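The same subunit A turns up in both complexes below, where it pairs with subunit B and then with subunit C.
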Partner chain A sequence: MLADTTGSWTPVALSADLPAGTVNPARIATESIALWRSDSGRVAASADRCPHRGMRLSHGFVRGEAISCIYHGWSYAQAGNCLRIPAHPGLVPPETIRVVTHAVEEADGVIWVAFGTPASIPPKLDGFVPLRSLTILAMTAQIEAAAGAVANSEGLIESGTIRLLLSTQHEGETLVHVLVKDDADVATRITASRTAENLRRTAEDLQGKGSVQ
Partner chain B sequence: MKLYDYILSPSGYKVRLMAALIGVKLELRPVDFHPGLEHRSPELLSLNPAGSIPILEDGDLILTESSAILVYLAAKAAPKWLAGEKPEEAARVQQWLSFSGRLTASLGAARLHEMLLRPGDIAALQAQGMAALRELEAGLVEQRLRGMRFLAADRPTVADIACFPYVALAPDGGVLLDAYPTIRLWSRALRSLDGFIEMPGIHRLHELKPEPQIEPGEA
Partner chain C sequence: MTMQAMIDEWYPVGLISQLDAGGRRTALMGEPILVASDIDGKAKVTGGNGRILPVRLRYGHVWSSLGDPKNELFPIPEADQPGRRFVDVGVVRVRCSPLRAVENFLDIAHFPFVHTDILGAEPHTEVQNYKVEIREDVDEVWATQVKFYQPQAAKSASGGITTEYMYRVPAPTCSVLYKTCPPRPSEWDVITLFVQPLAEDICDVWPWMALFDDETSLTDLIHFQQTIFLQDRSILENQIPRLLPLDPGMEIPTRADLTSIAYRRWLKRHNYTYGAQLVAQ
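The block that comes next holds the complex of A and B.
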């Protein structure tokens, strides 16, 4: 993963993990975001901080096409503008009250978020579908060593029957989306999930030993 | 039925939640767990020599251990919350009931350390708690792949209620839940159930309640 992700896409979550009417915490390289899906199914990403009192918006809730802060109920549209301040029911919130938002793309069951305006569209998964996401307390190098393969320029590792889509979270922490062939049956998918758990153990052991630089 | 209970106890909440979900009325007898240590008083030790709460009294019957109390309430009032006839389902209910004890010993102990300053190796407890959460996440992922939303079946059972509270309160012990998307979905499914009740630190889903409408001038 490049240190400067301005203008490029980060795979932040799987579509199946963000049902309509919910909000999840997520990360793009340098900051926490609130990733939410409106009741009508539209995905949005904003800074994970309510401009009012700084509460994490990912602790909030989604009603209709807006996200609301859990603290005082200020609600925001997808574009980040404040729609409503419950303590001032007669007030139309001024345009200056907004939460920072980021570009979102959803493709092949993966939700991608970018800083700025990327020139390209997110990479295709080519016959693979997302299985699950898991967090590995290791860096890309340790995960590559555990997988026996190197990530390509899109952050994708091919390891046996599974593919791994990597997204660096903090120093020493990587979000990994596990992909399987789109025709894999249930038993194969369960095996793939366990394979990913084994890979995590190996990568974290390597990280602990510091044997891969 | 009388429940010896403490409002901040996740194990007491398991019983209150189960009772609320299946429509059983409980008489609550608050125990001064902190700071009074009433659970170690002669009166409570005579009910439960282990010195733990919750304790359920139903006539002559005295039950301890929250998992046993959950099974009792379900068997009495709502048997569909127990395992069905399938051997695999019966085993999974037992598996996760046993597992819930490890949540108490890890996430629960971390929470007592952080909230009530109980002694303990906090880093070790948090690491054990994270390991338990990873196991739960993996178990729920596999259930989801089998087409089931809950730990033992596609309907909630006593096993879900036994595991839910300590998981939901993990952040009280300094263990974050951000990294577990399937636990998040499972938690939402449980909090969406009819009759769900809250405890301090576990709130219900605000979006399921109608939006309060305040007229200008009313506020």
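The block that comes next holds the complex of A and C.
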């Protein structure tokens, strides 16, 4: 996570895991968000709560360029303004009905969401591309110990031939995006995936030991 | 949390048909209770410290209270009407406030999205104006002239019809719904939602029905209602916050939510706040 005085970028998901017309839950810092991609391919992030009756928007559905709440179908634009209230089809929703939104950047196959107002752009991956994501039930310290390397200020760990991009979740979980060189062949990619799984086991073992001490 | 006002109310704690000597261990507003039949076969509800709690047997269910109910259990006249079929639907446990479960039951605008192609379907999403009042003489919330287009309103309905509804809230965690009866247009089907507050954020929902339907098998009737309530559960367990917010700034109602607005106002007026969140957090 790259932090500066005004905000930070969180790598919330890989582009490949969010096809057009879908929504997923994600997290930035302590907050749940709804991450969605419109039919035309634009990514947006909003608070994971419809202001009408508090339903999680990440359970909703995407149609065209809007996300709709699954409870009553209220739909919202990428900017967060309410577009439609199906119970009152003739009503133009007032500007005051809106969901909180967050800035999104998508680059090199990674979706970044801003917490606050970052002054900079998300970090570059420098010749690496995402392979897969996995959730590890361990904190950064245990993952660093398992990888034998320390995360830099951008939350990136260099471990042998792979790079790990970390995003702290909640309750001792960390979302880890595994990166490989952009010219890696299939065999190298398979090896990298297994390396990441071994690293997960090691980090979770360390976490388990830590909790009983 | 204030338990005081709600502690003297009646709550469902089990089915009469499932009473046995071994008993059912459950909870009421955080207190472990035992619902059993005694040596004479009579229903007996025992509180956490061994004290005997008041009991009523009505509408297919055993009712009890941790406090000292000042009022008798609310009447449902249709429960004594000849020709009706009484259906114990069973229980659905939901991780939500008991008040949120009732509010969802009072809502029709979610039908096309949550009960798609059963109780509603796009593009028939409009909620027409209806009437809501708090009837002071009986101290109940009533919504009448509620109309909605439904693809399959009941197990006994074939094809889409515009269904008319009336809703009653006679107790803080109970609601009675009167609904167009497809085989007998002059009568109303009665579907109730009896909610047992296990704690402020978890409840057992006991639907019960009094219908004019001699055709549908009991299994199909129960299955139909179970499907509906399981669809509702996927919503109720994902609302934030889990407690019902009574702070008006926390959620945004529209005209379609007039029943919910009246229900929240009535809860506030009576200090029925077990399962409610009073201040935004």
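Just so we're on the same page, the second predicted complex is superposed on the first by the 203 of 213 C-alpha atoms of A that agree within 3 Å, B and C clash if a C-alpha of one lies under 4 Å from a C-alpha of the other, contacts with A are read in each partner's own complex, and residues count from 1 in each chain.
As a convention for this text, contacts are C-beta pairs under 8 Å (C-beta built on N, C-alpha and C of every residue); 3 or more make two chains touch, one makes a residue touch a chain.
The structure presented is a predicted model; accordingly, all values stated were derived computationally and were not measured.
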Checklist entry - After lining up the shared chain so the two structures overlap, which partner does A:97 touch, if you call subunit B first and subunit C second: first, second, both or neither? => result second
Next on the checklist: For A:72, using the defined touch cut-off, is the partner it touches subunit B, subunit C, both, or neither? Pick first, second, both or neither.
Outcome noted: second
Checklist outcome for this item: Between subunit B and subunit C, more residues of subunit A are touched by B
Next on the checklist: After the superposition on A, what does A:88 contact: first (subunit B), second (subunit C), both or neither?
Outcome noted: both
Checklist entry - Looking at the overlay, what does A:51 touch: subunit B (first), subunit C (second), both, or neither? => result second
Checklist entry - What is the shared patch of subunit A, the residues that subunit B and subunit C both contact? => result 68, 70, 86-89
Checklist entry - Can you name the residues of subunit C that touch subunit A in the complex? => result 109-110, 112-114, 122, 125-127, 234-235, 238-241, 245, 250-256
Next on the checklist: Quick check on the complex: what are the subunit A residues that touch subunit C?
Outcome noted: 48-49, 51-56, 59, 68-73, 85-89, 91, 97
Checklist entry - What residues of subunit B sit close enough to touch subunit A in their complex? => result 134, 137-138, 141-142, 145-146, 178-179, 181-182, 184-185, 188, 205-207, 211-212, 214-219
Next on the checklist: For the complex, give me every residue of subunit A touching subunit B.
Outcome noted: 13-14, 17, 19, 21-22, 24-25, 61-63, 68, 70, 86-90, 132-135, 175, 186, 189-190, 193-194, 197
